[in-house]
Amino acid sequence: MVDPEEAARRVAESFARQEFMATLGARLESVKPGEVEVALDVRPALLQQHGFVHAGVVSAIADSAAGYAALSLQPPGTEVLTAEFKLNLMAPARGTRLVARARVLRAGRTLTVAAADVFALQDGQETCVATLLGTIFSSARHP
Amino acid sequence: MVDPEEAARRVAESFARQEFMATLGARLESVKPGEVEVALDVRPALLQQHGFVHAGVVSAIADSAAGYAALSLQPPGTEVLTAEFKLNLMAPARGTRLVARARVLRAGRTLTVAAADVFALQDGQETCVATLLGTIFSSARHP
Amino acid sequence: MVDPEEAARRVAESFARQEFMATLGARLESVKPGEVEVALDVRPALLQQHGFVHAGVVSAIADSAAGYAALSLQPPGTEVLTAEFKLNLMAPARGTRLVARARVLRAGRTLTVAAADVFALQDGQETCVATLLGTIFSSARHP
Amino acid sequence: MVDPEEAARRVAESFARQEFMATLGARLESVKPGEVEVALDVRPALLQQHGFVHAGVVSAIADSAAGYAALSLQPPGTEVLTAEFKLNLMAPARGTRLVARARVLRAGRTLTVAAADVFALQDGQETCVATLLGTIFSSARHP
């Protein structure tokens, strides 16, 4: 059995080592068993040519949230790596804040399937701008 | 018919407006009809928890290269938006430099299918670390 | 506005013209605005080498359900074609019956994003064996 | 090391056990290390509502070809299962014959990434109608 509080600590420690999340200004907002939220404030540095948030930013927080949702169900000493993901961009990512909400669809010892929705906050309203479906590979950490 | 030089100028102008590419330190390396390369130097700011380049960075340059490969075949006044992509991460993205090489598989007036491979340069050797397959939506720019 | 009953009739008429659905023994179980179910009884003719239902069968009913969920929200005279889909196989597809349940995530005039889950019924219990995320292209039917 | 002839025999034996391939009329055309071809003759039983080959048929032969391309590089006693795939449909699948040509992009002990292109033969000309990118899971067969 995985202890949820211990797992949340492991997720937070790992997230803190992701320098790219700091580069994006992304924060770990919530960790529950199989569910993780990652958010960021929209800034010009994150935009593409039409002034929307770049798909790479959207995929970065969606992928991190999905990977940590997978890690939150794995025992101590496990490492996770994304094997693959697919991202559908459903609306222009504009607003003041983005949040990626990931959930595990199927947890396995080796492969976990997770989904994440990314919402943009604009004028007090959330719009779903993207959805991710991915596969995360788990392995015992090499000592 | 699309004029390759004029199309390459449009791609370069659009790329220059992607602030996120500057944030990543990504450069447009090459634009030919239906083929675009985007590269960056690996820096700590782009890494994930194991010291590899973050999947979000890999997907950002692969997606930009694929989108601009699509744009390079479209007439003036066209805008492109990624509808969706899938990324398979095949090896840890480590090294000193990443380059995404995209090519159009099928160009359509509305939908273009493009692929991109991402290579990491380490010790003078290139390794393919990821491959993207995506769909790009083209539309006439609103004046 | 789309009339749900008229749309359900159009979906049923189109489904009846899919000879491959008859080949699989697949039936249209339910059509609501943006939601479609397609089911089949498992037979030896649909299996792969380990005795599970072949991924091609799973994707066929998931794709048909997703495409018709998209069509159910489009006006008369519209045709739909799948542009792409991704399917994650989460558990061996074994049992007596498979049902694909699709729902539209975002309906657009040209592009619709839809998801479908496929469940296998075994010993009175349903297991989710696969999930699809896809993009459907809509266009006016050529007269 | 994997013996190519022995691997080709294993692929052929496994393919022969896929009853769904017989249902489709699909044949194993070629097996080389990391490369497999599967073909079928187009018949009314395989069509969708516009008279094109159904996406489920296209994905079935592309997925089988990709899975067996993966198996062709694995040692005796290995079983393969598709973890996930993405299929882009690039042109209507019409003609007299379809062939799926798969190749391994990266072979691993647990995960293999493979791609497949599907071509339709019409009036003596081949058109690429779809491309698949997928992940195959390998494991030791349970005795």
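Lettered A, B, C and D in written order, each chain numbered from 1.
Keep this in mind: a residue touches a chain if its C-beta (ideal position, glycine included) is under 8 Å from a C-beta of that chain, and two chains touch if they have at least 3 such contacts.
Keep in mind that this is a model prediction, so the values were computed, not measured.
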Using only Cα atoms to place each chain's centre, name the chain farthest from chain B. C
If you tally the C-beta contacts, which comes out ahead, B-D or B-C? B-D
For the two copies chain D and chain C, is the contact made of the same residues on each side, with over half of the numbers shared, or of different residues? same
Which whole number of Å gives the spacing of the CA centres of chain B and chain C? 32
Just the number, please: Cα centre separation of chain C and chain D in whole Å. 22
Cα centroid separation between chain B and chain D, in whole Å? 29
If I count partner chains per residue in chain A, which residues reach a count of at least 2? 83-84, 86, 88, 113, 135
Would you pull the chain B residues touching chain C in the complex into a rising list? 83-84, 86, 110-111, 113, 135, 137
Of all residues in chain D, which touch chain C in the complex? 14-15, 17-24, 44-50, 53-57, 59-61, 63-64, 79, 81-89, 92
Chain C-facing residues of chain A, complex: 86, 88, 90-91, 105-106, 113, 115, 128, 131, 133, 135
